[in-house]
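This is the structure, below, for whatever I ask next.
Letters A, B and C mark the chains in the order given here, with residues in each chain numbered from 1 onward.
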Amino acid sequence: MKGKRFLVKAAVLMLAVCCIVSFAACGGGGKGEEVESRTDKYGNTLVTIMVHKDSSTKEGKAYQKCVDDFNAAYKSKNIKAQITFVAQTSGVDQYEATISNLYRQGGGKLYDIISFDAPKCAGYAKSGILYDMTSALGDYTDNFISESVNRYDGKVYGLPIQESSAGFYYNKVVLNAAGITDGEIAGYQTNGWTFEQFKAVCEKLKAAGKTAVDMQLAAGGETCTYLLYPLGNAAGGEYVSADGKTADGYLNSAQTKEGFQFIKDCIDNGYTNYQIDGKAFLTGDSVGMYLSSGWTIPDIKEQYKDNFTGGWGILPYPHKSGSDAVSATGSWSFGITNNGIRNKDAAVELIKWMTSDESATTITNATGMIAAKSTINKNYEATSPEGVLYNQLVNSGKARPSMGAYADFSTEFNLIITGLRTDSVEKVLNEHTTSLQTKINRNDR
Amino acid sequence: MLIGALSVFIAMAAAFGTVAAVDVVKAKKYKERYRIRECGTAYLMLLPAVALAFIFIVLPIVYSLGYAFTDFHMYYPNDIKFIGLDNFKELFREIGVKGELYHAIINTAIFVVCVVPLQIGLALVLALFTNRKKKGVKIFKVCFFTPVVISLTVTSFLWVQILAPNASGLLNSFLSVFGAEPIDFLAQEKTAMLWIVLMSAWQGCGYQMLIFSSGLTNIRDDLYEAASLDGAGSWQKFLHITLPGLRSTLLYITITVFVGACRVMIQPMLMTDYKLHTVTLSYYMYQLGYGSKLVGLSSAVALMMTVVIGIITLLQRKFLKED
Amino acid sequence: MTNTSYAIGAVTKTVNKPANGKKKALTVIWYVCGALFSLLFILPVIYMLAVSTKSQLAADRARGIAMFFPDFMNLNTFFSNYSKVFTAYGIWRNALNSFMYAAVAIVCNILVNGLAGYAISKLNFPGKKFFTFIILFLIIVPVETSIIPMYMVVTELLGLQDRATVLGVILPSCISIFNIFLFIQFFQGIPGGYEEAARIDGASRLKIFFSIILPLSKPIVATVAVFCFIGVWNDYLWPMMLLTPYPNMMPIQAVLQTIQNIEGVTTGEIMASLVVTSIPIFVIYVVAQKYIVQGFGSAGLKM
């Protein structure tokens, strides 16, 4: 009898352990199978989309509205869209982690459409996360600002949600006081300006006792890269080869060095430095110009308007005389994913809807940014802040390097900017060229 | 991966088998007998623990050893190449050109060098301070221990608010009384790491204080009395009685605090995000593996860390034991 | 002390008098120092509590000592941050998750490690040395550096996804080599006589474990339970790595980060979420203080 009871107990224990282990071991087992399409219980084709904003934000609400409109319009066609909001976070980036976690599971677990920051396109495309939309979209991409469409290897992987550019914000009162006339400013705004003209303006501001320009050298992270990469390009140089696989001979080319020498000159001549308080331009008159992205426009209009009663505006990026002007572009885009669902028709419908003129208007109205489509002409005045940024986008916009190892490029770029503080351009660029090249190789497979 | 897991399992099973066989042979020699049912029960009782420990402790350790010599990429788990020491060459090159790893090592070194003496010293002072029978000692102890029970996540976020560069930041609003401009403490390249040190010591030292306290109560009172009769001052008493009495406690605490400090990651991660001036070794390792998906390279960093930590721990042990 | 010295007599009284004065001064200094030290440690916590009751405006305006006092001026909005954290941000759901994970982990932890500890310390079987050696080895090796391979094991080898991912969070916290070690040490201290008596009655080993050994080991079981709870409740990185795609299953520490990054979140709301997260640990600490101290005692003896 006793023996029997023991056996029963042992059996129960064994069973429990086996349950734990087998449940763990056979829970999924690698990538899920491919499926044709995803349907809900009413037989509607289900298409899912994930965006990088919280649902409570203005931008999030705009996305929600677009999806609701889509559902209303496609009800008869039995297509239903579902939107998920996953905010980006510091630390463990939940947005990024969600994409990589779900992608690795396959079997339609990943959302059909995701939003992503433009420079990440190449990395996602290369690792197979993004779906090649070239043939599915056809000539649909013609209406977008050409530089804003996310391409990799000549194929289309992403459509821009909206666009942003950056420029040198100025406080008119400060510039005028330093002897820079309105006519001069308007000339720069419409015709662009050269490194020498930029330095001359800085010299005047310096002579007037101001910090000439806040280039956000210490901003760090993607902000630093986004704001400063056009200056490296502005002497006609490149960072990496067109296929994104070679840095040697590009990052350390004479032209690129000249671009960085311009930044270094600004530091050495005392026009800018690493210690400027980021709010100094917005809250006082000690700084003449401020390099920032388009998102500062609403800030100045609302939060800091008291400081700019004398007028303000944006100056474009300067360039080397003889070279073409280059300006920052690239905001967030939508792309279709390779999530193990074979039929992409519904996803293509949704992505077209989300980037249609109406949707783009809804979204840009919520965010205050610029629509990435030439069909939405907002009739900006050429010297207005938005006008300067829009003209830059259309005429001189240049996307950040398209490469699988973009994150490493961004880190190296930050290191270069930090390195300029103490070392010569020559030394810093040579050092980081080798560094970047090995990082590219490391990611190349 | 499955093959790897199976081979590890077979190796472990073989090792166990030999040990068990030797035991059985020995038992036969000495005419002892294992009762079969007892053995069965014992193995059954061990099974859950062994299964879990194998999957979640042994396998990761073995994998991290193995991956360090491969080019394992998270997105291509079925395409692994053995690349020998290339990962380590890559790491040393990165140190050479003062890349991220260089910063990570420097920052971790700063953290360890500052936090180990600070935290242990603080804990010892607090333990000595509370080592008397007066009213209110308990309240003080509770106060000192409070930060320990709050999680690292909460303390990190709390200190982010304390050091915030705006009006509601505790420190800046305190400084603004003296007319100082708000400072973004955690963005300062030179000093950000020191704030993390300070926060970590503040958070952790209550824990070590308790261990020191239990060590102090084990020192016999009559030693102090005898020393008093010999006319020893309190400093001499501390040097000749308290410290020797605490030696094993001190050893334990030094090693645990040291190992903990080498692994620092959550604090910089939550307080400053991935910035060059605060990135630490663990954080770099995590970022390589989970962020950049380069599991192989990340494992190489982990292996280097483990080896270095292990060596220093052994040295500490030897040094403190011989003393 | 002082009373007895007065009672002993005039001689000692006169001898002790100057010393007594000094002692009193020392005592006063001791208390002042203690108070200062304590403030150093709990001021940030008080600050956290105080700000959690304030609106953003009140938090920005507070200067000097007012920063450490709750917002008694606006009692009607006193708990508004908390209500927002609970309703709008739904932190209770994550708190519930954490409680559930902790409960499962505690039970499993005690059973799994307790059984293993019992087998190793009380039963005789071939290959015992192997296990004791492995345990000693694993205690010394710093396991935490292998978090990335562990992630690969859970996602790739075990292939956990969807709801099953939770297992990846719970199962690793069910096994603790250090706890097995604690159990072994404690069980070895239990005299064999208890067991012998039960065995003569014909009880099985399992029955002995549950009806005799576990009840006798209440202190160590409580210590293990308390530490297991604290460990699971405070764990951040691991659940975060695994559970990001499933916000409904995230534990409370992970959601703190989400709240931090919500656009337009106020300092008060952040602080309220921090307070909410800390409360259960405080309660545990107050209730189970004895076992925590005990745990440290045994930890200190270890090496």
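Keep in mind that, in the parts below, a residue touches a chain if its C-beta (ideal position, glycine included) is under 8 Å from a C-beta of that chain, and two chains touch if they have at least 3 such contacts.
Everything numeric in this text was worked out from a predicted model, so none of it was measured.
Colleague: Could you tell me which chains are in contact with chain A and with chain C alike?
Modeller: Output, common partners of chain A and chain C: B.
Colleague: Quick check: more C-beta contact pairs in A-B or B-C?
Modeller: B-C
Colleague: Whose C-alpha centre lies nearest the centre of all protein C-alpha atoms?
Modeller: That would be B.
Colleague: Taking each chain's centre as the mean of its CA atoms, how far is chain A from chain C in angstrom?
Modeller: Spacing between the chain centres: roughly 41 Å.
Colleague: Quick check: how many Å separate the C-alpha centres of chain A and chain B?
Modeller: 37
Colleague: Roughly how many whole angstrom separate the Cα centroids of chain B and chain C?
Modeller: 17
Colleague: Quick one: which residues in chain B touch 2 or more of the other chains?
Modeller: 41, 45, 48, 52, 55, 74, 269-270, 290
Colleague: Identify all positions of chain A at which a residue touches two or more other chains, and write them in rising order.
Modeller: Counting only residues that touch two or more other chains, chain A contributes 6, 10, 13, 20, 24, 90-92, 97, 104.
Colleague: Give the residues of chain C that touch two or more other chains, as numbers and ranges in rising order.
Modeller: 156, 158, 171, 204, 206, 237, 241, 257, 260
Colleague: Show which residues of chain B lie in contact with chain A when the two form their complex.
Modeller: Residues in contact with chain A: 37, 40-41, 44-45, 47-48, 51-52, 55, 71, 73-76, 79, 90, 93-94, 97-100, 181, 187, 269-270, 273-276, 290-294, 297.
Colleague: Provide the residue numbers of chain C that touch chain B in the complex, in ascending order.
Modeller: Residues in contact with chain B: 27, 30-31, 33-34, 37-38, 40-42, 44-45, 47-48, 51, 56, 59-64, 67, 111-113, 115-116, 118-120, 123-131, 138, 141-153, 156-158, 171-172, 174-175, 177, 180, 204-206, 209, 230, 233-234, 236-237, 241, 253, 256-257, 260, 267, 270-271, 274, 277-278, 281-282, 284-285, 292-293, 296-297, 299-300, 302-303.
Colleague: In the complex formed with chain C, which residues of chain A make contact?
Modeller: Per the stated touch rule, the residues are 2, 5-6, 9-10, 13, 20, 23-30, 32, 53-54, 56-57, 86-92, 94, 97-98, 101-102, 104-105, 109.
Colleague: Residue numbers of chain B touching chain C in their complex, please.
Modeller: 1-2, 5, 15-17, 19-21, 23-24, 27, 34-35, 38-39, 41-43, 45-46, 48-50, 52-53, 55-61, 63-64, 67, 74, 77, 126, 129-130, 132, 134, 136, 139-140, 143-147, 149-154, 157-159, 161-162, 164, 166-168, 170, 173-174, 177, 202, 206-207, 210-211, 214-215, 248-249, 251-252, 255, 259, 263, 265-266, 269-270, 282, 285-286, 289-290, 295, 298-299, 302, 305-306, 309-310
Colleague: Sort out for me which residues of chain A touch chain B in the complex.
Modeller: Within the complex, chain A contacts chain B at residues 6, 10, 13-14, 16-17, 20-21, 24, 90-93, 96-97, 100, 103-104, 127-128, 218, 220-221, 277, 407-408, 411, 414-415, 418, 431-432, 434-435, 438, 442-443, 445.
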